[in-house]
Every structure is written in C-alpha cells, then in structure tokens.
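Please read the structure below before turning to the comments.
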Amino acid sequence: MLLLNILLALAWVALTGQFTPLNLAFGFALGYVMLWIAQRSGKPHGYFTKVWQVLGFIAFFLWEMVKANLQVTYHILAPRGKMRPAVIAVPLDVRTDVEIALLANLITLTPGTLSLDVSADRRVIYIHSITLGDETDKFRRQIKEGFERRVLEVLR
Amino acid sequence: MDIVIAVLSGFLLAVIAPWVHRVGRRSAGWLLALLPAGLTFYFAAYLRELRPDFVVITSYPWVPGLGVSLSFYLDGLSLLFALLISGIGTLVVIYAGGYLAGKPQLGRFYALVLMFMASMLGLVLAGNAITLFVFWELTSLTSYLLIGLDHEREKARAAALQALLVTGGGGLALLAGLVLMGQVTGSLELAALLSNGAAIREHALYLPILLLILLGAFTKSAQVPFHFWLPNAMEAPTPVSAYLHSATMVKAGVYLLARLSPVLGDTEAWHYLVTGAGMATMLLAALLALGQTDLKRILAYSTVSTLGALTLLLGLDTTLSAKAAMLFLLVHALYKGALFLVAGAVDHEAGTRDIRRLGGLARAMPITAAAAGLAALSMAGLPPMLGFINKELLYEAKLQAPRAAGLITATGVAANMLLVAVAGLVGIRPFWSRSNAPDARPHVPGTSEVPGTSEAVHKEPHEAPLAMWLGPAALAGLGLINGLFPDALPSALVSAAASAVRGKPTVVELALWHGISPIFALSVLTVIVGAAIYVGRDPLYRAAQRFVPWLITGLRVVGHWGPEGGYDLALRGLNSLATTQTRLLQSGYLRFYLIIVMLTTVGLGGYTLLSRTGLTWPAGRSSDVRLYEILIGLLILAATLLALLSTSRLTVVAALGVVGYGVALIFTLFGAPDLAMTQFAIETLTVFLFVLVLYRLPRFAYYSSRRDRIRDAVVALAAGALMTALVLVVTSAPLQSRLTPYFVANAVPLARGRNIDNVILVDFRGLDTLGEITVLAVAGIGVYALLKLRLDEKNK
Amino acid sequence: MQTLLQLIAILAVILGTVFSVLGVLGFIRLPDVYTRLHATGKVSIFGVVLLLLATVMLTPLGFGKGLVLIALLVIGGPATSHAIGSAAHRIGIPMKRAIRDDLGALEQNQAGE
Amino acid sequence: MNLILVLPLIVPLATAILTVLAGRWRWAQRWLSALGAAALLAAALALLEFVRREGIQVAYIGNWPAPYGITLAADLFSAIMLVLAGLMGLAVAVYSLASMDPARERFGYYPLLHILLMGVCGAFLTGDIFNLYVWFEVMLVSSFVLVALGGERAQLEGAIKYVTLNLMSSALFLAAVGSLYGVAGTLNMADLAVQLHQVAQPGLVTTLSILFLVAFGIKSAIFPLFFWLPASYHTPPVAVSAIFAGLLTKVGVYALIRVFTLLFVQDVAFTHTLILILAGLTMVTGVLGAVAQNSFRRILSFHIVSQIGYMIMGLGLFTPLALAGSVFYIAHHIIVKTNLFLISGVTQRLGGSDYLKKLGGFYAAYPGLGVLFLIPALSLAGIPPLSGFWAKLTLIVAGLDTGQYAIVAVALGVSLLTLFSMTKIWGEVFWKPAPARAALPASQVGLAGMILPIAVLALLTLSIGLLAEPLLALSTAAAEQLLNPAAYIQTVLGGR
Amino acid sequence: MTSLILSTAARYMLPLLLLFSVFLLLRGHNEPGGGFVGGLVAAAAFSLYAIAYDVATARRVLGIDPRFLIGLGLLVALGSGVVSLAQGLPFMTGLWSEYAWPILGKVGTPLLFDIGVYLVVIGVTLTIIFALAEA
Amino acid sequence: METFLAFVIGGLYAAGLYMMMRRSIVKLIIGLSLLAHAANLLIFTLGRLTRGEPALIPPGGIRPERPIADPLPQALILTAIVIGFGVQAFAVVLIKRAYQTVGTDDLDDMKSTDTG
Amino acid sequence: MTPVQGLVVFVAFPLLTIAVILAFVRLVRGPSLPDRVVALDLISTLMIGIIAVYAIATDEPVLLDLAIVLALISFLGTVAFAHYLERRV
C-alpha cells in the first residue's frame, strides 16, 4: 500500500516535473486519497518493500519481453506452418487478485503466451500459446517456476 | 356628451349585459334598451342642427404611429344611419327579451347585439379609414357569433362561417383599398380623403383601389355574386335577422359606397361596376325571393334585391339618385325591420315560418297583422305610406340615369313588380289568406328546407306579448306617419344625407302627392302587375314552367350551382389542396425532410457561391502538404467509407472511432494538443456510449431501394461539394485574426495563464464554456430521464 | 553524452518503428484473433515503448511522462489483450489449427452437464 | 450597468441549479421555479425600462473589451424579446404548477424549463456570433429533453425529427460561424459588421449569409425547412408545447433579424428579396397545413409556421415600418400563441382529447373559456382591434408603401385562412355539441392555476389591441435601432 | 462474470486515472489539459470500474450521486463568475489571490470555474454511463 | 494542406448526410456523428493551419517564442466538441428508447406524429 | 531540423502512418468482431507512438500528456468494447 502510494507520489512529481519536497508531499497526499477511493471496492492489501526483488523482477521481465518480441516477429515473418497454437490450463498457486493479475499480465507480455481466462474458483489459468508442441507439462512447469515463483517472491 | 362615449358605451354595456340579464330576468330587455333608446335621443338631438352642410368631427389619438385616430365624423349620412341603428336597436333589444325568453342564449344575445350596435355606430360614425375598418370587422364578427347563436345546429354554424368568410374576405380587400387610399392622400382621416377625391381618381392606383373597396362593399351588402350568404344567415334568430341582416349591417356596404362616392364616384368604372352589380342583384334577388317558401328567406332575398337597388342608385351617382337612395334606406329599414319582426312573432306564435302552412292569423294576432299590413303596403309602394313617396323618387332617378336609363328603369320596374308580390306574400298572406292549405308550388332548390321550423309543433296562435308587437308596430307606424308628413323629418334627414353623398348641399322636398305624371303611371302599373303576380302566382309558375323552362332551370342552377356552389367548391378545393400539400410536404419521412433541407442549402448556397464569387483554385496552398498528412486524411475517408458500408454495428462504431482518432491526429499535427486530447477522450467515450446502446439495437438493414440510395448519394455529394467549395474559397485568401493577437499578448500578463487555449476557454470566452457545461448538464439530466422515466409503460 | 543519447534515440526510433510495423504485419498475416493478439499485444506495444524511450531521451521535460506512458502501456496492454482474448473465446471465435483447447473443453463439459 | 444585463442569464441558471439540488423535494422545486420565473420577468422588465431610458446597454463579460471577450448587448429589440421570454416563462411556470405530472417534475422538468429560458435569454442578449451558437445549443438541448421527457411513443417519434433537423441546423450554423471567422477574423457581431464591409470577397459574405439564412431558417421553421415543427410540437405536455410555440422559433426569427440587419446588408436586393419570397411561401404553406389538420394543437403548430412568414416579411421589406411590424408581430404572436396552446391544455384536460372530432360543447359548458379562447384566436387571425390586427396592419402598410403588392395580397389572404382555422377550432370545440361518449373523469383539479395565466395573457392581448400605440412606438424605436446599426456598433466597440 | 484480471487492473488504474485527471485539471491553465479533459479522464476511471465490476460498485466508489455533481459543478462555475459581481466588476472577471499557494501558485476564479467544469463533466458522463449500463 | 482537407471535409459531410438519410435510426446517429467531425474539421481548417506549434507560452515567458497555431478556432471547436458530445449522448439514448418503444428501427414506421 | 527530427518526419512518420492504415485494413476485413476491436486498440497504440515521435519532431514534450490521455482512455474503450462483445452482439 505504502509502496503504491509512494509510486503514485512519484508519478505525480514526474507528471508535474517539479522535484520539490512540497510537491512530493502533495503528490503523496493526492495518491493517498486516490488509493483510499480505490480500496473502497474490495479488500485492503498489505505490501512489503522488497526493492531488490522488484528490480530483479523488472530486469527478468524486460529480458523476457525482448525474447517474446523476437519470437513473435519470427512467427510473423516465418511461414505459417510452424505454429502450434493451443489453450492450456495451468493450475495456480498464487491466490490474491493482485498476484493472479500480475502473473496473467506477465504471461501475456512474454514469449508465445497469452492469458485468456481464470477459472471461477481462481485455481486454474488458461493460457493461449503459439508454439506449444505436445509439451504441455514442460509448458506448465515453465510458467510455474519462471513467473509464478518470481511473482510470489516479489509480492509476498 | 361626446360621440366617442356614444359609440363606446355600447361595448361597456355589452360586457355587463349577461350579468344584467341574470339579475334583471324578464325586465332585462327593457333595462338594456335604455341605452339604445338614450342614444336614439342623443342622435335625434342633432336633428335640430340639421343643415345640408352639417358636419361634426371629433378626434382622439389612438395609434398615431400608423395614422390611426379614434375620430368620428357626424354628418347627415352618418346621422341617418345612427338613428336607424340606435332606434331599431332599441326595438330589437326589447323584442328579443320576449322572443328569446327562457332561452339559455339570451344573455349572450344581449351582449352580442349591444356590441354589434356599438360596432355599427362606430362604423357609420368613424372619421378615420382604419377606425372604420375596425368597426366594419367587428360587425362581421358579431354577425358571425349571432348567426351561430343557436350553435348546436350544424347549419347555423355553417351559415355563420359562410357569412364571416365572405364578409371577412371582402373586409380584407377593403383594408387594402383604404390603406392605399391613405397612401395616395397621405392621411387616413375621412375628412382628408373626402377633400382629396380628385387626387385619388387621377392616381394610377385608382382602379385597384376602387376594385378593392367595391369588393368590401359588395360582399358586405350581399351584391351578386356574393349575395348567397345573406339568405343563409337567416339561421340567426329573427331579431338578429331584422336588425343585422336587413336594417343595418348589410347596409354597411351601401353606407361605404355612399360615403366614398364623392371620392371614388363619378367615373366610368364606378358607373359600370356599381350600377351593373346593383342592377343584377336587384332583379335576380327579386326573382329568387318569389320562389321561397320560408318567410324569412323571402324577406332575405327581398332585402338583397333592395340592397341591389340601393347600389344601383349610388352607381348612378346623380343628385336625384342620391336622394332616392337615402330615402329608400330609411323606408326599407322601417318596413323590412317591421316585417322581419312580424315573421319572428308569427314563427314564435304559430310554430312555423313556412308560408304554405300559414294563413288566417289576423284574428288571433290583430296588432301584429296590422303592423304587417302597413309594412307590406309601404313595401309595395302604396300611398299613404312613405314607401309610395320613395317609389316615385326611385323611378324618377332611374329615368334620369346618365346612361342606359331605359334599361335601368325597366329593370327597376320589373323588380318592383316582383317585390309587390313578395310584399303580399309576407305581409298579407299569413294573416288574411283564407286557409293555410299547402301551397301548390314546389320548393325552389337552393333554398333547402325551412329552418327553425318544428314541423310537428303547431301551437294555437295568439297575440304576441307587448315586447314583440311593440317593434313592428312602431316601425310600421313610423312608415305611415312619415308618409303622411314627409316634409317634417324625412325631408330634413334625406337632404342632409344626400348632401353628404353628393359632397355638396342638396335640398330635398318630399311630398306625398306629386300629381299624375308618367312616374305615377309607372307606380300604378307596378302595383297592378305586382298584385296580379301575387294572386296568380301558381298558374304563373306553371306557365313559366311550360313556356320559359330555361328561366326556372336558370334559377335552379343559380340556386344550386351559383355563387354558393362556388363557395362550397372553393371550400372543398381549399381542403383538398391543403390536404394534398400537407401530405406531400409533411410526409412523415425524415429523409425527405433532410433532402429538402439539403437541396435548399445546396441550391441557394451553391447558386450564391457561383454567382457571387469566382470559384478559383487556391494556388500555392495545395502543394504544401506532407505524405503522412495525406495518409491520415485518406485513413479518415476510408474509415468513413467503412462506417457507410458495413452492416455490423460494432464495426461501424469502430470505424467511427478511427475517424475520430484520425481527426484528433490532425489536431495534434497542427498545434492543437488541447483539442486533440479532448477529441481522443470524447471519441473513446462516444464509442463506449455507442457500444452500450447499439448492442441492444437490431442489425443494420438495408431498407432503401437502390434508386433511393443513388438519389441520396447524389444529394449528399452535392452538399459535400458545397462545403468543399466553401473551404476552398474561404482559404484562398489569408486570414488576419483580430482577436488572437490580443489573446496572445494578454494571456500571461492579464489572464495569468500560459495555455492560451485554456485561457480563452475559462477566461476570455468563459461565457461560452458556461453555456457549454450547461448543455452537458442538460444532456445528462435528459439521458437519465429518458432511461428512467417511462410514462408509457406506467400507463399500461 | 549528448551525441550518445542521440545515437541511442535514433536507434530506438528506428527499432520502434520497425517493431511497430512488424506488429501490424503480424496482425495482418497471422491466422486468427488469438495469434494476432500476440502480435499486437507484444510486438506493437514493444515498438511503441521503444519510440517512447527515444522520446524520454530526447525531450528532457518529457522524461517523467515518457516513463508513465511506458508503464501504462505495459500494464494496460496485457489487460486489454486478455479482455479481448477471453471475450473472443467466450463468444466462440474459433482457433485456427489449434491442437488443444482446455478452456473450450471445460466450457463444453459445463454445457453438457 | 453590468448586473442588469447578466441577470437574465444568472437568474434562470441559478434557479435551474437550485431545482436540481432540491432534488427530491418537489414542493421546493415548484416554489423555486415560480419564484425564479417571476424574478426573470422582473429583471427583464427592469432591463427594458433601462434600455428605453438610457439607450443600448453593453456588458463586457470577464471585463475583456470588445471585440476580444464576449460582449452582451441589449438594444430595444433584445430587451423586448427578453421581456416576452420572461413573461412566457412565468406564464408557463405557473401553468406547469397546475398541469405538470409529478413524474416529469421529479425527472428534471423545472431545471430544464429554466435552462431553456436561460438559452433563450442568452441568445437575445449576446453580441457574439459564436456565443449565439452556444445559447442556441443550450436552448435546443433543453428543448430536446423537454420534447422527449416522459418517453411516450408520439413524443419519441416527434423528438427524432425535431432533434435531427435541428441538429442539421446547428451543424450548418456552426459551419457558417467558422467560415465567418475564417473570412473576417472576428466573432463580435458589432466588429463583424465593420469588418464584413472590408472583406475582399463580398460575394463570399453573401454566400455565408445564405448559410445563416438556412440555419436560422430551420430554427425559425420557414418554408421549406419547417417540417420538424408540425411533427413534434403537439407531442409533449401542453406546458412544454406552449413555451416552445411561444419562444423557440422566435429565437430563430430574432437571429435572422439580427444578422440580416447588422451583418448581412451588403446585397439587400438579393438576400432580402429572397427572404420576402420565403416569407410568402411560409405563410401559405403553413396556413394550408393548418387547414388540413384536425387536432387542436396540430392546427396551432402549423399556424406557427404561417405566422413566422409574417415576422420575416417585415425583414424582407426592410423598411423601418416593416421591421417595426415584425417586432410588433413577434411580441403579439408570442403572447397569443402561447396562450392558445395553454387553452388547448385546458380543453384536453376537460375533454380528454386533442382531436376536434372528440371535443365539443365547451361554449355551453364553459362560456368564460370560450371568451378566453376567442381573444387570442381572433387576435391571431388579425381581427381588429386585437393585437394581431395592428401587427398585420403595420406590415401591410409597409408592404403597400414599398409597392410589394404580391406579398401584401398573400398576407391578407392568409389571414383570412387563419380566421378560417380559428373558427374551425371554435366551431368544433366550442360550438359543436359535445360528442356522445363515455363520460371522462374530467379532473378539475388545478384548473384555476391553468386558467390564471390564460386570463392574464388574454387581458394582455386585449390591452395591446386597444392601446396599441405604446408597443408600436417601442417597436418602431427598436426597428430604427436595427436599421441604424451605427449606434449599436459604437456602443459595443466604443468604450468600456 | 467479471474478469479477475480486468478488475484488478481497474483497481490500479483508478487511482492513476484520478491522479492524472487532477493533474490535468490543475495545470490546464498553463499546459494542455483543463477541467474538461480532466473530468473526462476521471469519468473514464469510474466507468472502467463499472465495467470491471458493476455499476453498483462504481457508484459506491464514487460515493456521491453523479447528478448531484452536475448541480454542484454548475453552482461552482456560476459562483466563480458571480464573485466579481460582488466587487462591482463585470460577470466572470478573473480575480486572483495575491498569496501564491504551494503547487498551485496564485489561485484565481478561472481555476474555480475550471473546477466547476470538471465536476459537471464527471457528473454528466457518469450519469449517462451508469444509467445506460444499468438499463 | 487546407486544399487537401477541404476534400476530406466534403467527404465527411457527404457521408454524414448520406447516413442521415437512411431509414434506420441507428444509421441516423452515425450520420450525426460524422457530421460533427466534419464541422469540427471545417472550423479548424478555416482558422488556417499551422504545423506543430501549440498556443502555449513557455514558463516565465510573456509571449510564445515561435509563431503559433491560432488558438481561437481551437477553443471554438473544443466548445463545439463538448456540446456535440452532450447532444450525441442524448440522441443515441433517444434512439434507443424510440427503438424500444416503437419496436422497430425503421424511420418509415415513425410517421404517426406528422400524418396521424 | 536535427537528424533525429528528419528521421522522424521522413521515415518514422510515413511508416507509422502506413502501419495505422494496415491495422485499419484488418478492421475492414475482420473477419470477427474481436479482430476489429483489436484493430481499433492497435490503432490507438500506434497513435500513441506517432504522438511520441511527433513530440520529438516538434520538441514539444507537452504532447506526451496527450499520449497519456489517449493511453488511459483507449484502454477504457477497448475494455468496454470487449466487455459488451461478450453479451451477444
């Protein structure tokens, strides 16, 4: 929560371009109000400030993103025959809304995969993949050990 | 007392008349008659000062901006009329108290009849052309309401409307004529008009003015071919018929001719038009009168005939004819008023006005019968009645007509013969004929069944009450007394009136006995032949049927398909024209409306653009364009085309979004970030709105035919081309904004903002923005109400 | 320093443009809406992010805003793809050449019950 | 004197806001509405008196000098129109208290009514052509909502046409304003009047004037652009119809008169002749449309069209007297036409229908109402000495003065047909016996509240008729100001 | 069924959008932005909520009847114009505080006016969208 | 560029008007929307175009440093856009209600208030 | 004009515009509605790119605010589209 608030305050400062303490405080206050408004819809959340995890996470993510782009580019330019699209159900360990959403977004942004849906009981995520061969299990493992682990690291 | 009070008092009394009626009950008529009686005395007082050049003018400003004053002009002519109006008015108000006793309309009748009387006084006393017109229209209006007094009957309503439209239409022509006259002379005052007759007669607009005025006069005074409304107006209660449609209102046209003859008269056009119309009316109406079976309709046609005779006389425009006309006015008012009132009394007492069923009433109604007899004698022109003197004068005037004296006299004699017979029919037959056995004559068409007659109810007749015999008796008595002493009142009055008509002092000396002369011979002949027609009317009719069937047929045709048929045809034509026009124009097809709007814009705008500006290609500006800008432009057009052609609603919405984004991008490229920002946001929200709404609406269907689509496309392209041309023409010259430099210079120092766009919005032109958010607020309220408030469903 | 930034920016503009166009090409070429989402959701966004990066480097005042924009795209893009993808799947847009569809199977099961 | 010029905007807006905020308290809304309407009338009367005594008044909004900021300007014409707007606002507000259904009241009827008035007042007051567009939109959008408020089928069908065609007009108006700026570089009307004389392409100005003619022509419902009016005016509740009938088209006429006396006088022989021709066609088609109708309000609606012809006839003739006639006619018409609509509401309430066939017997049952109907009806037909007579007379005299006999003939003929229509209503609704039908539960509730404004307006009609000179003098003075725009321009641009 | 991914995204977009909307509002006088766009962005935020969750939730988050916001906004806008009347200056004359507020700088009635615009835009947009989404 | 845009504007007008002449009310609203775009672009073009330079004054400045795009037409369009948005929102809901109440989107079935 | 600006105006702009047009082609061709929604979303994303490089070309960082508005709002548009897509179109 605090992190988010600080992020919002920073965003405010970035937007206004005025790097003054007062402005930061104002941004913080504004962000606090906005967050308060936002949380009225559901359950409140707690957060840990794990800056290094976050940074590592971002680096990992950026790398995955570049990889993803190159891969899709390849598929765009390559003959169509090589595609093996599929929708695969992957069981979830992450539980909270934020965790699931973050995971889903990451999956979407990264190579060959796109989150399509989450089951009603929140235990399964359905992922569209461009290149799944018959290696469903390997795919599931990649997801769970790559992204899900890191998401849990960052958010818990 | 001032004349203005004399005129306006009637209106004031009219306002409280219903109340007087409620309070005064049976005596209300007598009470209310005090005013007209007083007015009669008031006007009679002027008789003492009567000299041929007698004129009293009073004037108050009314609407000076239009040259309209509340001025009154009292001379011999208006005095004659004023006396008739207030005098007969007195009798009629009293009479109605008996005639309409117990009827729910009586209160209204008092109000209307007093209002009419005041209007009529105003008309004949008006000293300003517009004031005259105001009262003129008021008489038409009150006549309308009085004819329709018994408004639950459809025929009464139709007759009232007919009278209103005919006289109202003529009134409008009169107005135009009066205004034109005023423009020629520079003043609308009667005195000015009368003194500028020569100028008007020599003006290029003389003939139009004359025609317009005559149209007014002829419609009001029921001249052929506008005569038909008057017999139909007999739907009105009898006192109304007696007062308005015989003695006074219908004479307004005659008054106007008399009044304006010094101005407009004595020209060839006047002679031919006025004399011609009068002659035709006189003869035709006399013929038609004889064919009627309803007492009131007979009287009505004979009135029309008299009006024709009066018009004829005024058309002759000689001193003698003026005298004759003025005397005739007086005589006719007396005997015809009496006969109408008698007819009412008969109807009231006997329960019918059908002369075929009436007879032998003299014993039951002696006073009424006496009054009727005297009046009929006067009408037939027998001595010692005033009518006799009048007939002599008439013949004399006709014989001395400046043109076609023979024809005019012959027509006059023929008409009078017929009227003698009519006099017998209305004044003698109901009272002294032996039986009331049905008349052999069939009904003459065009006159329909007798109105107001309850066929079933045949009451036992007895004498009418005092209120109802006083009027006829007084009027008939006056006809007798004046006939016996013509040099007293009538001479003075007719002299003064004739002077006014001639515009110069004219002395009239009336005498009952002129000695035996050719004119006397004519009179005797008239009476004898008239009596013969009366007695032998049935054999005559059969003979006419055998030997001159065309005459009967002709009358039939005139009755059925004559002017009245024309009126019906015009009314039906108007209705069908209106319906057709409305069906064509107000068709209900929105796209038809849009096409017309567009064609109007393109037609007028395109014509103006082409004719007033040279369409030149704006050189120099076309080259300054970059590739990506063209691409964006093409994108917009392509998306537009998609929106046009796609059948999927959401595709269309997406295409619209692309159009909006494209436009926003253009805003971005040309230095309008605020605009682009707003456009992006609005566009997205609009897409959202469309999606929210459209997903519940049906798929796009192609309803229109291919031809329609091509037509619409052509119209739309033309409109688009106009806008393109407009842009090209406007941008071909450079723009020097007068406002922007000021905004730029003052944004920071005065308005304290660096975003000039925003400063304009919230400060320089903040009022626009206030209006704009008001619009938004209303839209919000509106959408909410539309979605949440559903009266239709609630009602179901 | 300035030159280096310029160079990186030029590179970013070129790459960004190329990726954007590539993404669109993929959007045109790929067989069904799901695979097309990969092209738009990743490649095009990546291209635009690169363009934004160039902006961040070249316009000092735009620094913060550029970063905010990048964040927005990176957060919003996947959510959008997800929203459309799942909607498409739910209204039954078929997958071309699919070898497996767990979600479709699930829905069929539920429908069958 | 800034306050007095902005009050006609502030008062209705504040009233509208307060009624919105009053939300659920219906009684508060009703009181606020009536008070606000009365205050608006008072403000307008004060302004008229002020303008009459002190001459043209100007207010510079935001304290920005003309032509840069938005200027409000009130000459006599504006002030007269404002008074009429205030008067109709009050009449309809009072009438609404008695006749409006609670559901519509709950869903924003009163705020909408007052915002409508605000838009109308703004249009009359503004001295800026784009600001005029804004006020037109304020007025239009609130009228859109008022037309549709309630969502009955006829309302919705009528509203679609009303909205579409009026939006066409707005789009055209907007384009024309943009073009005007593109040509002259300014928006202030006084400034435009000066600049347009110096434009390099005078023909272009004439073309733009045609666009304005069509745009305002649609709003004022002239031939052949009037279709939206008969399609919609009879569909909403009577109070709404009445305020529409009285005010809305007249704002279009006002705008026509304003721009064709102040801005577009370069090619009078062309533009004003065109206006005159359209005036004649408008009179005829409108009145024929009325003849074909058989419901009370539809007849009245078509007559609005016809009467607009008279109003712009004065503009087409373009003489002081003719314009005075137009102003007089507008004043007369607004009062009379609103009143006739109000009366149609009473007959509908008591007779349960708007169709002539289903009505009847009103004269026997309610003779007083008959008199109240006859006064405006006969005035509309131009029967002397009621207000309409003087209005028509002025125009006819002006037409004959200029030798335009054809238009005079049309004007006279149409007034006869108007009389025909009014007597048709009179005959069917009042004279004809009531048709045999199941007795309707004629609610007499609130009837007095409906009659009160009717009686006051009828009295006004009668007074204007009997004492026409004051209004005629005022109209003449207003016309003189319109035809000599130098004073207006001087006042607006002159000082602060 | 509301999508979990979407609703989560919406929850984090909302504060960002609101923040940005206030940003647009406050600096509109000097840089692109202003009450209008600001209001639209804020309305978009709540609309997003209405989609990701449902209208009732969005209404709860807003916490005030959007129709009331319309009236309030108009009142603020009108009030900002009337202030100058009280000082004998023409309607809507800009009045500025001589004290420079932190962040905002010198505050004037034009800003107040823009806030009125902002509120009206939010109120109207949300009134429309909520009503439509509920229908 | 003005010349080129003139044709885009003409095209938008033509398309908008054509759509408004369809019998389907849904197309009517699309037409209105296109018409609004056309009008906005028209004013923008008639105010003459200047590439790139927004009407902003740099911080601390009194006047813009470079010749700027005319902000007045922009302000006018902004007002027009907002008004257009309000109107369009209302119109689209009106059409929805009309469809629900009348039961068709065919304008030819909505003639009762003219001809009835 | 700096080299970057030249690059932007003469290379990036036309290419990006062509990309927009290509995306529009998909919007025209569909075939499914989701395709069209994606196309619209893609167009707005590309416009963000165009605005970004235009900010470079004109050296107007304020244009980025515009891009932010577009990004924020187009997100809503697409999501709304997708949302109602599901409800039987």
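Miscellaneous remarks
When the chains are written out, they are named A, B, C, D, E, F and G in that same order, and each has its own residue count from 1.
We adopt the following convention: a contact is a pair of C-beta atoms (placed from the backbone, for glycine too) under 8 Å apart; a residue touches a chain by one contact, two chains touch by 3 or more.
In this text the structure is predicted, and so the values were computed from the model without any measurement.
By the document's definition of touch, common neighbours of chain B and chain E comprise D, F, G. Here the chain-to-chain distance from chain A to chain E, counted in touching steps, is 1. Comparing the centres of all chains, each the average of its CA atoms, the largest separation from chain E belongs to B.
More contacting C-beta pairs link the chains of C-E than the other of the two pairs C-E and F-G. Averaging the CA coordinates per chain and comparing them to the mean over all protein CA atoms picks out D as nearest.
For the pair chain A and chain G, the distance between mean C-alpha positions equals 23 Å. Put simply, the C-alpha centre of chain B and that of chain D have 27 angstrom between them.
Between the CA-based centres of chain A and chain F the separation comes to 40 Å, rounded to the whole angstrom.
Among all residues of chain C, those that touch two or more other chains are 23, 25, 37, 61, 65, 68, 72, 75-77, 79, 82-83, 85-86.
Counting partner chains per residue, chain G has residues 16, 18, 33, 37, 39, 54, 60, 62-63, 65-66, 68-69, 72-73, 75-76, 79-81, 83, 85, 88-89 touching two or more of them.
Shared interface positions of chain A, defined as residues touching 2 or more other chains, are 11, 15, 101, 104-105, 115, 117.
Chain pairs that touch, as defined above: A-C, A-E, B-D, B-E, B-F, B-G, C-E, C-G, D-E, D-F, E-F, E-G, F-G. Residues of chain A touching chain E in their complex: 4, 8, 11-12, 15-16, 18, 22-23, 26-27, 30-31, 34-35, 37-42, 97-98, 100-101, 104-105, 115, 117-118, 120, 122.
Touching chain G in their complex are the following residues of chain F: 52-54, 56. Considering their complex, residues 11, 13-15, 17, 65-66, 68-69, 72-73, 75-77, 80, 83-89, 101, 104-109, 112, 114-117, 119, 126, 128, 130, 132, 134, 136 of chain A touch chain C. Contacts from chain D toward chain F in the complex involve residues 130, 133-134, 137, 140-141, 144-145, 148, 151-154, 156-161, 163-164, 167-168, 170-171, 174-175, 177-179, 181-182, 187, 227, 230-232, 234-235.
Those residues of chain E whose C-beta lies close enough to touch chain G in the complex are 6, 13, 16-17, 20, 24, 31-33, 37, 40-41, 44, 47-48, 51-52.
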